[in-house]
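What follows are several structures.
Across the two complexes that follow, chain A remains constant while its partner is chain B and subsequently chain C.
Moving on, here comes the complex of A and B:
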């Protein structure tokens, strides 16, 4: 159990990697990962989430700011002195050692007594159901088994902190879902603080107590999955989290509190927010569609319908914008239909068009 | 259809055989024939100093080989030379490769510079060291004298032991680039994440080297040891140039391969010299098998320990 505190942590790479340096740099990360929490670092590739994880692990130096684990500054501590375990994306199993040796290696290096090593290895192996392959070499194992060995190796150490670097990205889809559920159970059993790097928002949403959304080395938002989804702090978070993507467009003020999407009849009532232009967002699953009476124009035209079984994604052309609405079942519209988009049920997300920050406003129906 | 496929495969095999025939012929002509002839000669009483007639004497040459004090001495020198160049050379190569595998400013330049000795032809290498350690005009004496380490010029290449050590030095200097390059390539084949995992697991530098690095470069390491053992056993050109073709002073650098040369081409004792050459070949084979067993055995022992 440990609390991890990041205080304006930054990372600058040497000048040797021209051009690339700016992208990978992490700057000014400040947040607290509470003891026992499962926290995901979510963002597109190259956003600095793995760098952040490596800095917590001590595999990379911190350029500025500091990292505290349980209130203790760890900047100068070697990775093995930080009481943490790391599950690598490519598992990083030692190819020349048996599974048993792989799990025991960290304990051996820490001079754990032999009988204790044996109990811990067999305990973590049975927890992950890999007792039968203890004598095999990693080469003989399937991807899923390797993943389990990597997890067992982390568990056997009984660390205060688990760090995961996209551990599921090398598994096929079915196995990924299964392992994801197991990870969640495992975390509930062990209760250790976990930091989990992923670019998959589904993983982040399902596993986490808190999510850290990052983009271009910056913290976009730190919050619960609920907050991330329903109250995205920036336009980036709004567009990155949620599938299908949130519909985002620039609306212009027409009269007091009323904004319209240029070139269409689609309007939205935002109340008095003091801006002439505003970025407005709607989640596709919170909108509804109504096919208009023949002869009327409606908001837009249905471009395509993508049925998924339980729901269908309907793509609508709205002026020069695309608008996605997720309707239940197979839907009732066909391409070419003129439709109205009904947003009465939908949460309206507003963002400042220059700062991209969320505009908080009173409840507007 | 199956028959047709088989016909196609057969035709392909025949074509493949046709393609390798020229290479095989050349190898047989250039390697197989002289080798076979050497083996044939080694069973003959065949000394060109004693006249042109020779006769089969069975294993007599080999019996002489086992009891000849000159051979024993040469074997001793060979062992000294080989152990230092093989074990020392490979260990040094690994150390240098580990340094070169780190990221530092100017790494590429250092890597290129490393290759320079390799680009020097073996004969030039020998001449170079001969000039450096020359007793009257050599730079080695000049430097050591100006540093105050020695007061008078040392005749390096007149002392058997010193000459042997200079030979070891010159050979090591020549062979290091290749071994370093081999080891560097091997080190680069070890996934970086293993080192990261080892760091998390709390392995110190020593444990990381012995338990992570070394086992993961075992194959290339074995190759380096075998190849270098072979080269060390059959070292010739540097001795020839360094000692003016004498293997001296006082036989101080006459390794077994050089002794075979002297017997064959100075004494013109073709039969005995060939027996020596065949003996060296067998020795090389035995040592190669030894290394394979060492590394294979290491592997087996591990497996047994795991079980």
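Moving on, here comes the complex of A and C:
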């Protein structure tokens, strides 16, 4: 187990030439991954999460800042000197070697005694249930088996840190869920510090002790899954995490100090926040719907209902905005119904419209 | 309906037959001289030079092969060709693999122009360079020397070798090399433990192509040798005398020269075509 500390870590590709600035892929990342924690780097494609993982691994140089593993600066160390194992997105199994040789290769390179190699390969193969394919070549294996071999290769090394680069993204949905559960159990058994790159929020939420949300090379939030979900630090985190996405809209202050969605009767009490405009967000599953009496307007009109079995997603037109509410079962409303949106049980998320940072809480009516 | 189906079926067959006939014609055009050469090497010339060639199986003899292989004047060029072919191949592969790996894996300024400029060399007709090469080799004492031929062939074949190998190395997923770095390999170990074994079929095909090119060259060998470093193709042509032509020996020598080329090409044809056609310019 090891603690990983990133201090103002940045990565720049290329050089500034003829006034054209170099590409800033990652900038000013500062956080501490505690020993034994499972931390996910979550963000959309191109946000710099894999670059960050590669910098921790030593596969990419750090342009600025420093990375410490157990208090030791590792920026100048080769990847194999950092005591870590890496599970790649495409598994990166050596096609010309058998499964046994693939698992043993890293140990051989480290000059581990032969009997010790045999013990470790056997142990990791048993743990991942791949003993029967030890003599096979990777091309003879299914995607799931390749994934297990890649994990076994990492486990056999017994490193202080595991790095995962979207290891489940090439598996089908069923196998992905199964492997995700096994990965969680494996982490509980081994207890090693793990850093896991994913763009799948479900993976991040289910596996992690802490989540690092990144966007455009910057750190948006570093927190527990609870904090990320219930107290998003920025509007980006609020909109990126959660399925269906959070309803976010711009509200304007009215004369009585409440905030309203223009063109609607939907108002929010945010208390005194000192802003005329504010970005307000509600989670669809925390809101409720009430079909209004005929002849009354209500907050909006139901546009569509998407039943998913246990819940239904109801899309409502609210002024010129769309508002999603997740209701239990198949719901009681139909397209064209006029409805009120009830948010008494909902958390209100407020963000500054210029800085996009979280600002306050309030009550809604 | 049935009629239109028939006509479509007939059209399909006609096309197939026409294509088949064309292939046969082309094969005859290409193979006839080779078959005739084989015939000349195994039949007595008297049997072939008669009004109607006597091609009965009882006339077949391998005497000419026996004679040539027992002639020290013929064995010398065979040995020369083998030495030149193998040495050129080894030099091309040693230098070419390292260069191609660097071009395939590292992104640097001028990478693409470098690759293209190397191939431009291939476009220069050999005849333009023959006389300067002759003068150059003579002035450095490498005229009529095996080393002179080896260096010359290496210079000519190396760009093609690099071109082919780049495409094979580019096919190897970079994540494998990253995994090898995590496993503790340095750059050299990544090359010989991961990249080279994975590119082995392509490397073998490239080596065969390099060998065939140097083995079957006539023009440069003719210009750059006179006596001690004469190679098989030059010796084969030498059977044509000023006043007479020993057809049987010439044909036998021709077959002996062609057999390794034929066998090696058959072995590696799939990979050679892949290496030449897959874009070394991609990326």
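Note that the second predicted complex is superposed on the first by the 347 of 365 C-alpha atoms of A that agree within 3 Å, B and C clash if a C-alpha of one lies under 4 Å from a C-alpha of the other, contacts with A are read in each partner's own complex, and residues count from 1 in each chain.
Heads up, the rule we're going with is that a contact is a pair of C-beta atoms (placed from the backbone, for glycine too) under 8 Å apart; a residue touches a chain by one contact, two chains touch by 3 or more.
Every value quoted in this text rests on a predicted model; they were computed, and no experiment measured them.
Visitor: With the two structures overlaid on chain A, would chain B and chain C clash, or do they fit side by side?
Guide: clash
Visitor: Once the shared chain is lined up, is A:135 touching chain B (first), chain C (second), both, or neither of them?
Guide: So A:135 only meets chain B here.
Visitor: With the two complexes superposed on chain A, say which partner A:83 touches: chain B (first), chain C (second), both, or neither.
Guide: Neither chain B nor chain C is touched by A:83.
Visitor: Which chain makes contact with more of the residues of chain A, chain B or else chain C?
Guide: The partner that reaches more residues of chain A in the superposed model: B.
Visitor: Touch check for A:352: first (chain B), second (chain C), both, or neither?
Guide: After superposition on chain A, A:352 lies in contact with neither partner.
Visitor: Looking at A:177, would you say it contacts chain B, chain C, both, or neither? Reply first, second, both or neither.
Guide: Once the two structures are laid over each other on A, A:177 reaches no partner at all.
Visitor: Look at A:28 in the shared chain and tell me whether it touches chain B only, chain C only, both, or neither; answer first, second, both or neither.
Guide: In the superposition, A:28 touches no partner, neither chain B nor chain C.
Visitor: Regarding the shared-chain residue A:101, is it in contact with chain B (first), chain C (second), both, or neither?
Guide: A:101: touches chain B, not chain C.
Visitor: Let me test your reading of the model: by the given contact rule, A:109 touches which partner, first (chain B), second (chain C), both or neither?
Guide: both
Visitor: Do any residues of chain A touch both chain B and chain C, and if so, which are they?
Guide: On chain A, the overlap between the chain B and chain C contacts is residues 57-59, 78-80, 84-86, 88-90, 92, 94-96, 105-106, 109-110.
Visitor: For chain C, which residues count as touching chain A in their complex?
Guide: Counting only chain C, the residues touching chain A are 173, 175-176, 178-186, 189, 194, 197-198, 200.
Visitor: Which residues of chain A touch chain C in their complex?
Guide: Contacts found on chain A: 57-59, 78-80, 84-86, 88-90, 92, 94-96, 105-106, 109-110.
Visitor: Note which residues of chain A are touching chain B in the complex, please.
Guide: Per the touch definition, chain A meets chain B at residues 57-59, 78-80, 84-86, 88-90, 92-98, 100-101, 105-106, 109-110, 135, 157.
Visitor: Please output the residues of chain B touching chain A within their complex, sorted ascending.
Guide: For this pair, the touching residues of chain B are 191, 193-194, 196-204, 207, 211-212, 215-216, 218, 302, 306-307.
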